[in-house]
Each structure stands twice: as structure tokens, then as C-alpha cells.
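Got some structures for you, see below.
Both complexes shown next keep subunit A, but they swap its partner, so subunit B is in the first and subunit C is in the second.
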Partner chain A sequence: MIRKRGLWADAARRLVANRAAVASLCVLGALCLLVAVGPMLSSYPADELDWSMMGTAPDLGSGHWLGTDRLGRDLFVRTLHGARISLVIALLATAVSLVIGVTWGAVAGYAGGRVDSMLMRFVDVLYALPNIFFVILLTVVFDRSPMLLFVAIGAVGWLTMARVVRGQAMTLMRRDFIEAAIASGAGPSRVIFRHVVPNLLGTVIVYATLMIPQMILIESFLSFLGIGIQEPLASLGNLIADGANEMEAAPWILLVPAGCLVIIVFCFNFLGDGLRDALDPRDP
Partner chain B sequence: MIGYVLKRLLGAIPTLLVVIALSFLLMRLAPGGPFDEEQALPAEIRANLERAYGLDQPLYVQLGRYVRGLARGDFGPSFKFKDFSVTELIATGLPVSLELGAAAMLLAVLLGVPLGTLAALRHNGAVDHAVMALAVLGIAVPVFVVAPLAALVFGIYLGWLPVAGWMPGAARDMVLPASTLALPVIAYVARLTRGSMLESLRSPFVRAARARGVPWARVVWRHALPAALTPVVSYLGPATAAVLTGSLVVETIFGLPGLGRYMVQGALNRDYTLVMGMVIVYAALMIALNLLVDVAYAWLDPRVRPGARR
Partner chain C sequence: MALLDVRSLSVAFETPSGVVQAVNGVDLAIAGGECVAIVGESGSGKSQALLACAGLLAGNGSASGSVRFDGQEILGLPEARLERLRGPGFGFVFQDALGSLTPHLRIGDQLAESLQAHQDVERAAAMAEARRMLERVQVPDATSRLTQYPHELSGGTRQRVAIAAALMPRPRLLIADEPTTALDVTVQAQVVSLFRELRQELGMTLVLVTHDLGVVAGLAERVVVMYAGSIVEEGATPRLFRSPAHPYTTGLLAALPRLDDVVDEPMRAIAGAPPRPGQLPPGCAFAPRCERRGEACERQAPALLRNRLGRVACHHPALAEGAT
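And then the complex of A and B:
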């Protein structure tokens, strides 16, 4: 008997065949585990100052595996804390822009006509501007609250998603099953969220995966400038800013968080590319 | 063509107005006012200050007044840089940022296009692999990691270039900031050029030129490359956005007195008028440059030229 092979099983098979994507997935999984339990492995807490160990180099013997920063805090633990905050903010920001972008695009694609051109005109206007300036404006409005940072980032990052979803939704609207749903009396919100959106899932997953590294970069960018996450909280951005101040005497304070950031961004990009190839086989 | 440019210019005005209104309203939604100091001001002084800055008026009056000021080139006073108007701050910062940005864009095109072309000509060769590796690195490693590392290596370990500082017209001060700012754009331009060059080298018109006996160098430079450049030109708009964004970090790290630094300081100080003025200047810059790119595109590619027969 031939086993049934659905869209998702097919996609999974193609993804597993992509070595870079699988390796990235493994690295990211390991990193998430490390970020969750890693701080417990070290004998040092993240916020303990050690005046006798200020800026010591990485050393396996002392227990400061990746050295300490200029206040004697353990860099291994602090980098994991920073990576945790950066990842959480990036995931939340992605979720925010997912909700806005998918709704915006799906409504535009569903409605068509004047509503569509108005909604997309707004996206075009914002698209032409460097969005980091609006994020900065929003962080000022939110009084630089770390809790609302992800809202500010997410509120600006949804434009590409809206465009992609709208295009896909427009093609879906011409399909028979949508017509059937409308004919059998489904209202606009039911058609959008029960019939259109589920069929966009593949595209949405690909773009969400590619969005996460962008969000991490925006968060780190802001924290680097001092506008995002602030001391004593750590994010990869403000750890890199710390390191940049000390790099002459203690380059590892810069290199450890910077390396961590670059690895995360690389892995998400490879994974996103792999997912795109897996879920969208038309485009080799 | 002139009609097209005029039409696009007129189309930019509502965009700019939307940006102004949006940023104005967002700023006024912010909690706390510009006069929140560590010590609370007496109520009368506060009221006087608010009246002096026109903050006691209804929002739409304030917005109208602000837009009218903008039309005269008046961005209002800076709330935190006392004695300076935002216009003065912009006037001092803009030339620095423009010089930095122009140098970075120039570098990106002058290095990115030849690198991409070379990679395409040596498809799957060592040069190709090196350029692609550089492209991947340049895109994944953010400016705020590259800039301190470049300062560390070239400024401190090797001591070739100054790490910070700014003298008008001193090219040495510009090398590190401009090249770190250009790096991701070089990477992207090289990747784009390589891709479209590969396609263009395989196309019939290149084979036809070869068959007519046109020398190879001329085929590459006069036939294949101009056709391959259209995606690069249309990327110049987003590239400008990337350069403007990166300039915030680069100006902060290398201590350049440009717009980016005022923007960051304005955000840290909650200097409403300054941040708003900066957002508007950046938006206007972006819109103007996008227009320029579109015009260049229409000029390069006859198919999108206005009035072209379809």
C-alpha cells in the first residue's frame, strides 16, 4: 500500500534533506536549551559583582568559562541571559507583527477594490521610510519600557508580511473553495480566518522565520544605542555596547556576545531559507 | 520626463504630511512632558513655559502651527539643547551625515558592482566563492559588531587610521566610518550583481554580440553589464535606508557630529521636537532619494519609461 503523503510530510522530508537548515535547527535547539538551563550550570549568578575578578580573560580553571566583564560579572551567564532576553523579545515582536501583518494583508486581499488600495497605499508610505526611526519614536512614546519594546519593534515590522499575505490572499480568493464558502453563507471574518489564513500558513511560517533574525538585530541595535534594554538587564545589544567600550583591554567582552548574536542570526537565516525551499518547491 | 518628475514630486507631499502628522501625534501621546525635571516645577512656571512653547493649545492647532513652521524651514526649538533651534542642529549635522552617506553609497557601488561582475565571470571559481562568503558575512554581521571590530583592528592593533574624531574634509577620518557603513551594502550589491550578471551572460543578446565578433571585454562592459544593473539600481532605495539606519550606530561609535547622533541623543533625552525633526528630515531624504532612483530607473530601462508604448 502506498502511504499518504501530505503537504507537510513532503515539506518535512525536503527540510531534512537540507543539511544547512538541519544543522541550524540543531544549533538553535541546543542554544535554546543552554539559554534555559545554562545559567544553572555555572556557579556564578548573573548579577554578582566580583571586585577581585574584574575583566579576567576566559579561563576554564576559574569557573569563569568565558571570562568576566568590567564589573567582574560572569560573561558566560550574562551572555546567556542576554540571549534569552533578545530571543524572547524577538519572538514576541514577531508574534505582534504576524498578527498585524496577516490580518492587514488578508483583509486587503479579501476586500479588494478601494479598501485594498487604501490599506496597501498606507503600507507603501511606511515602506519607503527607514523603519528604525519609527521604532525609536515609539520607544520614546513608551518611555523606553523593556516590556513594551517588543510592541514597538513588532508594530513596525509587519509591512513585508502584509504585502506577501495580501498577494497570496488575492490568488486564494479566486479559488473555488472560497466561492463555495461564501455561497454557503460564511461571513467575511469566517472566510478570512477559517478559509484564507489557514491556507497561507506555509508562506507565513517562512516569512516569520526570516523575520526573527531581523527582530533580533533591531532589538540589539536599539539596546546597543542605549534606547532598548538597559542595565542591569542584559541583552546581546547592550552587552556588545559594553564590550565595545572595553575592547582595547579585554576584547573577549565584545567577542563573546557578538559571536553569539552572529550565530543566532546565521542559523535563523539558514533555517528560513531551508523552510522556503521546503514549503515552496516551485522556486528552486 | 519632466512631467513624470513633477507628478512624483506632487505625490510625495501627502506622504510627507502623513509622516509629519503620525510622528507629531505619537510624540504627543508620550507620557511625561518635556519639562519633567528631577525637581517638579511650580505650577505657574510650568504653565508659562507651556504657553511659551504653545503646548496649551489644542492638538490640531499645534499641528497646524508646526506644519506652517516647517514650510518656512522652522523645526521649532530643541527642548533639551537649550539655545539651539532644531533647524540649527539639523544644519550642523546634515552635511556630516550626507558626506558619510554619500561616501558609503559610492563605495558600495564602486566595489560591489565590480566584485559581483568578477564573481559572475569566474562562476564557481575561487573568486566567486570568496565573494559569496563575503556577501553572506556582510549581510549577517550587523554594523554595530563590524564597527567596533574594525576600530579595534585598524585603529588600535594596526594603528593605521584614527578611531574617532572628525575634521571637516579630512579623508582619513572618513575611511573607517564610511567603509564599515558600506560593508553590508557592498555585500548585497555584489550578490545582486552576480546573480543578474550570470543571467545576462547567458542571454541571447550576449551570444549575438559574440557571434558578430565583438571583443569579450566590450561584450561584458557594454552589453552584459548595463542590462544586469537594473536590479542594482532598484536596490539603491532600500540601500539608502540601510545606510541611514547604520549611520546612527556609526556616528555614535566613531564620534561623528551628524544627524544620527542627534537622533539618538534626542531619543535618550526625550527631546520631542528634535526627534520629530530628525524623523521628518530622514523621511524627506528617503523620499527624495527614492524619487531619484525611480527617475534613474526609468532612464536606464526603456520599458518603464513614462510614455513608453506597451
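And then the complex of A and C:
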């Protein structure tokens, strides 16, 4: 008997064959582990000021493996904390945009006609709102908090997802199996969530993977501007902002978090690319 | 009383180039337990007429007239009521079995799904029913099929699975739209005999939409011939095959290649092409291609008149002895 290969097993096989994607996956896995347990390895907490060690260069002997910032806080620990917050916000924001965007787009694509027009015009209106302006508005009206930040980012991120999903759903709606499902009496929610959405998963996964680095960048950008994560909490964005001020005197304060950001974004992009090739082999 | 009673059903589609009339005033009654075939060329409106009966027209289509299923008017029924009627009321089998099975669902899930959409059954019970149904439609090795995906099955098996999916909610009326067209001849024969057995076992009412007269001869008790959106002839299968009254039916039967034909003889196709919907000639729609056309044919469309042997819409029907 021929060994069975499902859709996902096939995709996994193609993904494993892609060296860049596998390497990215390993790096990301290691990074996540490091972000989770790394701060415990160092003997310094993230928010302790060390007046005698302000702005010291990376040095394995002192225990400040990647140096300290201008307030004498350990950069290794702070970068890991920052990466943790950046990753968590990006993942949550992506999850939020995924849920809203997929539902919104699938409903629009399923319903078509007037409902579709209304839903998509609403998306167009939100698109037209300047993103940063919207976030600044939110931070003024409400208080600054990491929670608000991820709501604000997520609220913007789902728009593109909704468009992508709606387009895919519209093409799926013309397929015979949807007609067959409707002909056998499946209601709208059953058709959408059992027959349309699972068929979109490939596209959605790829898009989500490529969305995570965008979210990290947006969060870093907002924190860099000072409207994101606030001190003493660290995020990659405000660490880079800190570093930019000391760029000439102590370049490691900039380079460490910036390098971390670059690695994360690179890896997610490579992984997304690999996933796209794995899940959609028709379009190399 | 008829299970499905269609009265002056018309279907129109709104397209960018204007309104296209796909079905023009079809009257048809189908009794419970009957097997009726609807034949005609592509574009004769046979599929659209039946889709309209289940409220399944595309978004730009609209139906007028009356369709009563078991005494209940279907046209104009809200979507939610239609959904409840569809599985247990109508079941559909489509031409493209692979296309009509959701690709990411395993066969078992697929079948259980179409049952669970209508009945509050446990998953395990639905799966058991799915296995029984696969055995009933003679899918070999039913248990292991349950965990397979549609693309792993052969064409014939897929069509059997599609039939099983339609049968899961025990529909009172099964509508099969070109169920054998995509299959090769040996598998066609198997599917035809499967339909025949299922009818005997379940007492199911079957409407067969097809252009394959061989399938019709093997299954249907009654044949309805459609041309350009209207019924042109209707009658019991043996009579219709023996002595067709409408020249179009005659042409269809003559166009059937036969194994005992002389090989060098050209195929007897009906000359010309069917009229485009929306550009029907003023008189009989078939007149431009008809050998028997007369003056009246080009002026006035013939009415569908009932005689002792069925119904025919022709000014010059070829009536066998005993008709009128």
C-alpha cells in the first residue's frame, strides 16, 4: 500500500527541504527559549541601576555579557526582556488581526453583494485613517499601556488580512464543493467555518508569518517615538531609541537590540517565504 | 399529490449584457417514488430549472412561477427555511464529484458533516452512519475510506462518495445533475446500476438531469425533453424512444451513435446550433433547425399539448397510432 501523505505532511516535507526556513525556525526557537529563560541565567535584574557600571562595554568577566546601558542596567537582560515584550505584542496583535480579519473577510466573501460592499468600504475607511495618528489619538484618550498598544496595532493590522481573505473566499465561493455544501443544506456559519475558512488556512498562515515582523516593526517604531512601551519596561523599540542617543560613545547600546530586531525580522520573513513555497507549490 | 409540482417556472439571469431568460414557463409534476429524466443540450435550461426548485440559483438569477415541494411553496421562501428543507428534502449529486467534495475534509468528516447539519447526532453515531452509507453505495473497504481525503480516491469512488454524501440526510428527492458525465463508460454503468438499486432499496424519488440517453434508457420511467428553456416533449421512456413525437427528440435519438452502425456513415447531428437565450426566434424555438417546419412554426410558438402518450409542443408532431 502506498504510504498516505496528507496535505500538511506534504507541506512539512517541502518546508524541511528549505534550508533557510529550517535555519530560521531553529534560530527563532532558540531565541524564544532564551527570551523565556535567559534573564534567569544572568545575575542581574532588568531594572537595577548600577551607578558604578554606567555604559560599560561588553565584557564576559564582569557578568555584563553585552555591556550596560547609560544607567548601568544589564543590556543582555534588558534586550531579552525587550524582545519578549516585542514578540508577545506582535504575536497577540497578529492573533487579533487573524481572528477579526479572517472572520470579516470570509463573511464579506461569502455574502457578496451589498453586505460585501458595506464591510469592505468600512475597511477602506479605516485604511484611509493615518495609522500613527490613530494610535496617538488612542494614547491621548486612554492611558499608555502595553495592552492598549497591542489593541491599537491589532486594530490596524486586520485590514489587509480581511482583504486577502475576502478575495480568496470569493474565488472559493464559486467552487463546486461550496455549492454542494449549500445544496445539502449547510447554513452560512457552517459553510464559512467548515468549508471556506479551512481552505484559506494556507494563505492565512503564510500571511500571518509575514505579518509578525511587521507588527514587531510597528511596535518598535511606536516605542522609538516614545508612544509605545514606556520605561522602565523594555521593548526593542525603546532600547534602540536609547541606543541611538549614545550611538557615538557606546555603540553596543544600539547594536545589541538592533541586531536582535534584525535577526527576528529576518527569521520570520525567511520562515514566511518557506511556508509560502511549502503550502502553495504551484507558484514557486 | 405530486411530491414536486412545478407550475410555469421561469428563470432569468441578470447579466451585464441584459436579462437572459434561461427557463421559459416549465410545468412539471413528479410523483413520489418516480424516476424522471430531464434531457436536453447544454444551455437548454435543465440544470437551472432544478436549481431554482431548491432555491439554489446564482445571485443574479431570479425565478418566477410556482414550485411546490410536498405541498409547500418553495419560491420566495426565506433562506433559513430553505436550508432546513435542503438536506432532508432535496439531495443533490453534481457532475464533478471531486469538485463537490471539500478538499481538506476527510471522507468520514465530510459525510458526518452533511448529517450533522440537519440532525443533532453524536459524532460517533454520525461516523457509524457514514460507514454504513459508504457500504450501501458499494464503496469497497469503507472503514479505511473514512480517513482518506477526496484526492486519494478514484473517479468512480468519488462519485459514489458524493452520492453517499447526498443520501446521508435521507432526502425525499434526489436530484442528480449529470452524475455520470465525468466518468468512463464502465464506471457509468456501475453508477447507473447503483442508482437503480438505491431506488429499489430506499424508494427514493430521483430526478436525473443528463444529456446521455443511454443512462436515461437504463433508469428513468419518464423522460422530459427540454429545448431552449422549454419542455418540448414528455412521455414514458419506452414510448419516447420507440416513437418520438417532436422532431427535436427524433434528432436527439438519431444522433446517438450505435455500435452496429456502418462506420463510414457520417454522424447524424442536428444541423445548426441552439438559439442563444434572449434571442429566441418569434415562433417555435426549434424551427430554424427543424426539417418539418411549416409556416405556422415561424409565426407562433406551439403550446405544450397533452395527449394520451404524454405531452408535446409541436405544430407537426409525429404521432404514432393511438395518440391524440
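Methods note: the second predicted complex is superposed on the first by the 268 of 284 C-alpha atoms of A that agree within 3 Å, B and C clash if a C-alpha of one lies under 4 Å from a C-alpha of the other, contacts with A are read in each partner's own complex, and residues count from 1 in each chain.
The rule is short, and it goes like this: a residue touches a chain if its C-beta (ideal position, glycine included) is under 8 Å from a C-beta of that chain, and two chains touch if they have at least 3 such contacts.
These numbers come from a predicted model, not from an experiment.
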item: Touching partner for A:167 - first (subunit B), second (subunit C), both, neither; value: neither
item: Which superposed partner A:175 touches (first subunit B, second subunit C, both, neither); value: second
item: Subunit B versus subunit C as contact partner of A:269, first or second or both or neither; value: first
item: Partner chain(s) touched by A:38 [first = subunit B, second = subunit C, both, neither]; value: neither
item: Superposition-derived comparison: subunit B or subunit C, residues of subunit A touched; value: B
item: Which superposed partner A:195 touches (first subunit B, second subunit C, both, neither); value: second
item: Which of subunit B and subunit C A:132 touches, first, second, both or neither; value: first
item: Touched partner set for A:254, first subunit B, second subunit C, both or neither; value: first
item: Complex interface listing, subunit B residues touching subunit A; value: 15, 18-19, 23, 26-27, 29-32, 139-142, 144-145, 147-149, 151-152, 156, 237, 241-242, 244-245, 248-249, 252-253, 263-264, 267-268, 270, 275-276, 278-279, 282-283, 286-287, 290
item: Subunit A contact footprint on subunit C (complex, rising order); value: 54, 56, 59, 80, 83-88, 90-92, 94, 96, 99-105, 113-114, 117-118, 148-149, 152, 162, 165-166, 168-169
item: Subunit A residues within the subunit B interface of the complex; value: 125, 128-130, 132-134, 136-143, 213, 217, 220-221, 224-227, 237, 240-241, 243-244, 247-248, 251, 254, 258, 261-262, 265-266, 269
item: Subunit C contact footprint on subunit A (complex, rising order); value: 4, 6-7, 112-113, 175-177, 179-187, 190, 194-195, 198-199, 201
